[in-house]
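Below are two complexes that have subunit A in common, paired first with subunit B and then with subunit C.
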Partner chain A sequence: MAYDIQTWVSVAAFTGGGMAMGFGAIGAAIGEGYTAASANEAIGRNPGQSGDIFKSMLVGQAIAESASIFALVIALMLLFTKYPSHILSVPVLLGAGLCMGLGAIGSGVGSGFPAGAACQGMARQPAMSGRLTTNMLIGSAVCQTPAIFSLVVSFILLFTDFSANPVSPTWAAILGAGISSGFGAIGSGLGGGLVAQASCEGISRQPLTVTPVTNVMLLGQAVTQTTAIYALLVSFILMFKSFPATDAIAPPMALLAAGICMGIGAIGPAVGEGFAGQGAVAWIARNEKYIADLTRSMLVGQAVAESTGIYSLVIALVLIFVV
Partner chain B sequence: MEDLGRIHQIIVPFFGHNMTFNLEVMIMTWIVIFSLLCFGFLAAKNKRLLPGPLQVVGELFVVHLFALTEDALGEELSKKYAPLICALFMFLLLSNWLGIIPHLEEPTKDLNTPLSFGIMGFFIAHYAGIRAKGLKTYLKGYCEPMFIMAPLNVIGELAKVISISFRLFGNIMGGAIIILVVSYLTYSIITPPFLNAFFGAFVGTIQAFVFTMLTVVYIAVQVH
Partner chain C sequence: MIEGADIIKAAAFLGAGISMGVGAIGPGVGEGMAAAKACEAIGKNPKEAGLLTRTMLVGQAVSESTGIYSLVIALLLLFVV
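And now, the complex of A and B:
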């Protein structure tokens, strides 16, 4: 039984939409649950502050949810928009759904950590609740960056016209681009959340250290996002480089493998860098005098943790340009 | 939706080579440069003990960025590099904010701008490292922990340039694309002031700060 192309495009749109929202629902729910658990603990510890803590819990959860809302937007666009019946629409729709769905996991979980730490900080140090909220907002917003990268890749996939490109290697390049950015965002969102959690906790413990702790938090989060940026780079190369038409199976598989390699390879280093940043930020708050030494050892540690991500990048680039 | 990620270019033939100019980016860069020159001139024109509003803003930038550089580099080196860091931050900040004004675009949206700043930071950091440690110690740093690791250390250094410039580029261009797509999907009914406030003002400020901070830290890592 043979189906026409339009049927396959619809199948891809439904599958992609389902994957976008299905995967996208994982992260934010975990993050929000963590926030709520911390808020309960905080209210139990200091019931007098329950109003403030409750408010900050809701704000933190709203930010954690934004990654899932991105996924919902992409899922709705996949379900209710009519796409051209071209064979390349199939990988585009699958890739866009997979990219946004996977990309929302890390940021959702990660944004929950600073919100939880801010709730507990308010119970511990009610006078600092304004500064804590500001710091939590900055930290959570930076955690969303990997999810925003995934959203951008999904948008570019959906709104760029690939129909002039040869079908054979392009389908793999498109799918690889989506997978790379999608998986690549998981670790960075999670790691950035760990760093922001440490900064909220540190501010509540030692309120005088707000400025250096926020600065180092931003630095740690930025370095944590490095591997997500490599994944974005690989996605961009896969989407915008023109590949010669081929009938052989090896070149498209190499492109797909490049995306998978960079995407999965980006998860671990980013979580590890997040741990490094968490430790450094937490101890800068306790021992502000040694901020220069702590920052330097954090950066060196992160650079070493990142080296496996760089290996993935090298292999992905070799797969794209050499094979 | 055709202008998704498109850049207006002018291509000039020059002795058999085609020279490509990204016209829009160049104009926007000059707008940023001129506004900064005007700001600097006006802020420093009437220096008084009781500062006027522009002088306060100028002093705010200078004091905070000098303190930031001094924390990372120490007193002696910070005198040398803090003016550069100040200029870098103010340029990036204004560049990222420029997209909020309709019909103007961020120069940082084009990869060429962040990449050139990244390469500049790379050369400055390594120059500072060689000056501070001497060539021999500097080269020895690449052979740690083993001689075989040298190529990987070099790749790691080059990857820093990629990560610092793509971080800025990805954030700013990503914001621009999201604003474009959302206004297209909603037929510009929900005009994007909130999105502009988030991606232009908030993310733009954070990314300008992160870029500046990373440049300082890269110099510090090379020097120490």
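And now, the complex of A and C:
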């Protein structure tokens, strides 16, 4: 049963396309469902505002949808483009599919949180509809950045010519790059969404706190994005560093392990930082006087949560550069 | 020809990556929850900010321990065994 390389390239393209759209559909659907549930609750509470709430539900869902549209684009590219008959096309196609599929999960779910909170806020405080929409849009946009990182990595994988590189260990570096940015985007998308949710809720409870709440929201979200940026960094190193050819199995495994380590290791810290930001933003809205204390304890808490992400980065870099 | 020692080394690398990667999830989430509740408590009772920050840090240090175990195991797999 010997198949030619073109067969395996097609197998990888179709498998990658399936994974991209399969995984990529999870997040947006959950996030949009959450938004719709919140909108229904909000309209039930205040039917007079149904027009505004309905509009903001659709806008919020459209943003959450963008993550899975990225996945759709990558899936279609994998299905309908003809890729070169080179053995390294196989990990490229699998890696690109995995990267975009996994990368869309967190952003899709995360973007649903602020949209849902904005809908409920409009029912509670109709006068704040405009500021709530602005705040929701800013918060959701930050949630989308990790999905965009994944999209960038997928595009680079698909459009870079790896054929001059040695097959081993380049195959593992390519797969590792996809896995790192794919998994690494899950936590940052979710964490950013939690912070934005608290800020939309806070603005609707205490409209006067809108400026400090938005500022601290952006600060908290920025910290949640850091682990996705570490994952992006590891992906770039894996894609662009040239590795010496080898026949042994240990060097490629080290590169694959670096991708897995940084990707999965980025999930927890980002979600935890999201919780910390959520708590701080919610209470700054209620007790604006103590913004300094709350911001400080948010940042200290996030710094501690970040530590395991940094351990993962260190181990990934050791796997790439030392062993 | 792939030798046994090579496979063992490959497995150690893979194990190190999985150990640190998966092991980082729990402490990250747990420490974040601790920080969230500390912020909530400081919001309710700002006078006790010092005490609350101290309690948060001690709690987080305990929750960090499993992350450090993962780091130790990963380093052992990379450099010792």
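Heads up, the rule we're going with is that the second predicted complex is superposed on the first by the 323 of 323 C-alpha atoms of A that agree within 3 Å, B and C clash if a C-alpha of one lies under 4 Å from a C-alpha of the other, contacts with A are read in each partner's own complex, and residues count from 1 in each chain.
We adopt the following convention: a contact is a pair of C-beta atoms (placed from the backbone, for glycine too) under 8 Å apart; a residue touches a chain by one contact, two chains touch by 3 or more.
Note that the coordinates shown come from a computational prediction; the quantities given were computed from them, not determined experimentally.
Student: Which partner does A:S307 contact after superposing on A: first (subunit B), second (subunit C), both, neither?
Tutor: both
Student: May I ask you to decide whether A:G121 touches subunit B, subunit C, both, or neither, giving the answer as first, second, both or neither?
Tutor: Touch status of A:G121: no partner.
Student: One more residue to check, A:V142. First (subunit B), second (subunit C), both or neither?
Tutor: first
Student: Kindly classify A:I284 by the partners it touches after superposition: subunit B alone (first), subunit C alone (second), both, or neither?
Tutor: Only subunit C; A:I284 stays clear of subunit B.
Student: On the A-aligned overlay, A:G193 touches which partner chain: subunit B = first, subunit C = second, or both, or neither?
Tutor: In the superposition, A:G193 touches no partner, neither subunit B nor subunit C.
Student: Check whether A:A248 is in contact with subunit B, with subunit C, with both or with neither, and answer first, second, both or neither.
Tutor: In the superposition, A:A248 contacts subunit C only.
Student: With both structures superposed, pick whichever of subunit B and subunit C touches the larger number of subunit A residues.
Tutor: Per-residue touch count on subunit A favours C.
Student: Let me test your reading of the model: by the given contact rule, A:I260 touches which partner, first (subunit B), second (subunit C), both or neither?
Tutor: Touch partner of A:I260: subunit C, not subunit B.
Student: Is A:G274 contacted by the first partner subunit B, the second partner subunit C, both or neither?
Tutor: A:G274 contacts subunit C only, not subunit B.
Student: Based on the A-chain superposition described above, do subunit B and subunit C contact any of the same residues on subunit A, and if so which?
Tutor: 300, 306-307, 314
Student: Could you list, by residue number, the parts of subunit A that touch subunit B in their complex?
Tutor: Those in contact with subunit B are residues 77, 138, 141-142, 145, 148-149, 151-152, 155-156, 159-160, 212, 215, 218-219, 222-223, 225-226, 229-230, 232-233, 291-292, 295-296, 299-300, 303, 306-307, 310, 313-314.
Student: Along subunit C, where are the residues that touch subunit A in the complex?
Tutor: 2, 6-7, 9-11, 13-18, 20-40, 42-44, 46, 49, 52-53, 56-57, 60-61, 64, 67-68, 70-71, 74-75, 78-79
Student: Which residues, counting only subunit A, touch subunit C once they are in their complex?
Tutor: 187, 191, 247-250, 252-254, 256-276, 278-280, 282-284, 286-287, 289-290, 293-294, 297-298, 300-302, 304-309, 311-312, 314-316, 318-319, 322-323
Student: Which of the residues in subunit B come into contact with subunit A in the complex?
Tutor: 1, 4-5, 68, 71-72, 152, 155-156, 159, 162-163, 166-167, 170-171, 173-175, 177-178, 181, 185, 198, 202-203, 206, 209-210, 213-214, 217, 220-221, 224
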